[in-house]
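These are the structures, in structure tokens.
You will see chain A twice below: alongside chain B first, and alongside chain C after that.
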Partner chain A sequence: MTEPAQDSYQDGNALAGPLREIFAVDVTAAGGQCVHCGLTGPVASLRVYGHAPGLVARCPGCDEVVLRLVRGPESAWLDLRGTVSLRIPLPAQGVPDGSEAGPA
Partner chain B sequence: MGFISRGFHGRPRDEGVKLPPGQYLVHDFPVLSAGPTPRVPLDRWEFAIDTEDGRTHRWSWRELMALPSETPTVDLHCVTKWSKLGTAWKGVSLDTLFADVESSAEYALVYSYGGYTTNLPVEDLLDGKAWIVYEFDGEELAAAHGGPARLLVPHLYLWKSAKWVQGIRLLNEDWPGFWETAGYHNYGDPWREQRYQGD
Partner chain C sequence: MNGRRLVWRIARLVEIRDETPSARTLVFQIPDWPGHLAGQHVDIRLTAEDGYSTQRSYSIAAPADGERVELTIQRVPDGEVSPYLSEELAVGDEVEIRGPVGGWFVWRPDGTAPVLLVAGGSGIVPLMAMIRARRQAGSRTPFRLVYSLREPGERYYAGELRRPDPGLDVTYLYTRVVPDGWARPPGRLTVADLNTGGWPADFTPACYVCGPTGFVETAADILLAMGHDARAIKTERFGPTGG
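Let's turn to the complex of A and B:
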């Protein structure tokens, strides 16, 4: 048996498609903080191990698990317990864009 | 030298093979991994069984090698749907390791170097159903496949056969492991196709 030269993972952009199925926004652009070491960075900077029964996204600073996503035939399971919080960029709220009727 | 894999068309000996529902046959040995591959030097390697009342039984690598070994040939069924038949291993039966362990716990949480965990009933580890294996196909077990040693419990889906095994914690209450807390079935019997929670 030969061993791979290095561990096989992709960057966090590999989460974009699977997470788009669940969230209305692109979560890979969100900023997150690792529970284990406190490192902050975009979800896209995580290390995603996908040769597994699910997607396992690990912190690039400490290798601990930040996010897990399992896609079954009828459900998805999302585990964010390794994430302190996600800061998700959204369009500014309450700014009239002219597409809706103004106040009466 | 043929460049066309015979696997594309199946081999005559594949015919008549009965696989668990939803599985297909492979002839290579796919490597699945949920994280970096741990590298554990043998002089620091240790295997432990922790009982429910706080006692720990430990084996160094040298002590494991000194125990009587067995050479099970078993079929593997991965929850990602591949099955590999007739795999040849060498290792120590869990019956041997449990011989001097006093416990009435019903549940086991297997833990690995690198942080992986998986749970199963203690009875699924005993009576010739599980081994700590350190050789595959006559060679020392490669790190990619869980070396220096992994659990082998082939009657359950392969995620239960924890790679890089470090120990077994005996518990009075069931404590779901890494995949069991993320949607996968708590028991994982391939013949009943217990892939996901609720299957």
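Let's turn to the complex of A and C:
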């Protein structure tokens, strides 16, 4: 296989599968804020470097690490120390979104 | 689709369509497929007899159609997965697929903002899903596609994009070889290309850009310079893990 260049990266979209393994909702559509520079934007806009033993997502504004995810054989490690907060879009409370059948 | 665990499902290849000499569309039948949005992708996992397993992400090429899921795979020379998928996998063979994933780089048929699609090479795949979803829904949302390629022989979905599709404008850009009599000399994407083939920023279009990293950066920079809102520009880069 061709070795990727050290500066090559993917969008945060690439986190969608690995994060969906952990969370019940799509976290790449969530808005996050970077601890280092305060930039806000969707997780999908982070720069993801996948050639580490895991996934390292960096801020597109300041290039600092925002999120790290390592999938081991029996567990996943999620390091969010570079993230101030995540704003996760959800259906309005008490309003069924139609995606799940309710109890009979 | 929220609230369900992401699981690996067995997908059986039911149809193959050649797109170019090095790319083909694979149609899989996946029992209990939960449906998907245009722009989402799936992960494919291949496992060898010795247990070695590897996975790749591929964009879905067509809107949801029951248990049928279409992918278009470009063969990456010396790649680990794509040569197998684009050359060896035969109708009836099975792979593991999980998805759909990704809720950001998506277009929904209830979207009313005009849409600009900017594709570099095989970056056309998720954008084609949006074009097909628009047609399937009978949407009147105006679409413009600017599709940059090295040469005419690399066009995906050429016949389908040639057929009239009211409200969809298609502009081809060639970077190396142009057809006879083509007015634009071969070259990379420029401001003039997106001025002519795109929408003015005050139409507040939704912009989707997909392609190799350098192409995506150039296109996004041009759109920002043209005055488009950064929040209206969604990008998907092909990563180094392709192959």
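Here is the rule we go by: the second predicted complex is superposed on the first by the 89 of 104 C-alpha atoms of A that agree within 3 Å, B and C clash if a C-alpha of one lies under 4 Å from a C-alpha of the other, contacts with A are read in each partner's own complex, and residues count from 1 in each chain.
Simple rule for what comes next: a residue touches a chain if its C-beta (ideal position, glycine included) is under 8 Å from a C-beta of that chain, and two chains touch if they have at least 3 such contacts.
These numbers were taken from a predicted model, which means no experiment stands behind them.
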Of the partners chain B and chain C, which touch A:72 in the superposed model: first, second, both, neither?
first
If we overlay the two complexes on their shared chain A, which of chain B and chain C does A:8 touch? Say first, second, both or neither.
both
Once chain A of both complexes is superposed, is A:24 in touch with chain B (first), chain C (second), both, or neither?
second
Figure out whether A:53 sits in contact with chain B (first) or chain C (second), or with both, or with neither.
first
Quick one: is A:63 in contact with chain B, with chain C, with both, or with neither? Answer first, second, both or neither.
first
In this superposition, which partner touches a larger number of chain A residues, chain B or chain C?
C
Chain A positions within both the chain B interface and the chain C interface are 1-2, 4, 8, 51
Given the complex, residues on chain A that touch chain C span 1-2, 4-5, 8-14, 16-17, 20-21, 24-26, 28-29, 42-45, 48, 50-51, 97, 99-100
Can you list the residues on chain A that touch chain B in the complex?
1-4, 7-8, 49, 51-54, 56, 58, 63-65, 68, 70, 72-73, 75-77, 79
Chain A contact footprint on chain B (complex, rising order)
29-37, 79-80, 115, 136-137, 139, 142-145, 159, 179, 181-184, 195-196
Using the touch rule from the top, collect the residues of chain C that touch chain A in their complex.
1-6, 41, 43, 57, 78-80, 98-99, 101-105, 213, 234-241, 243
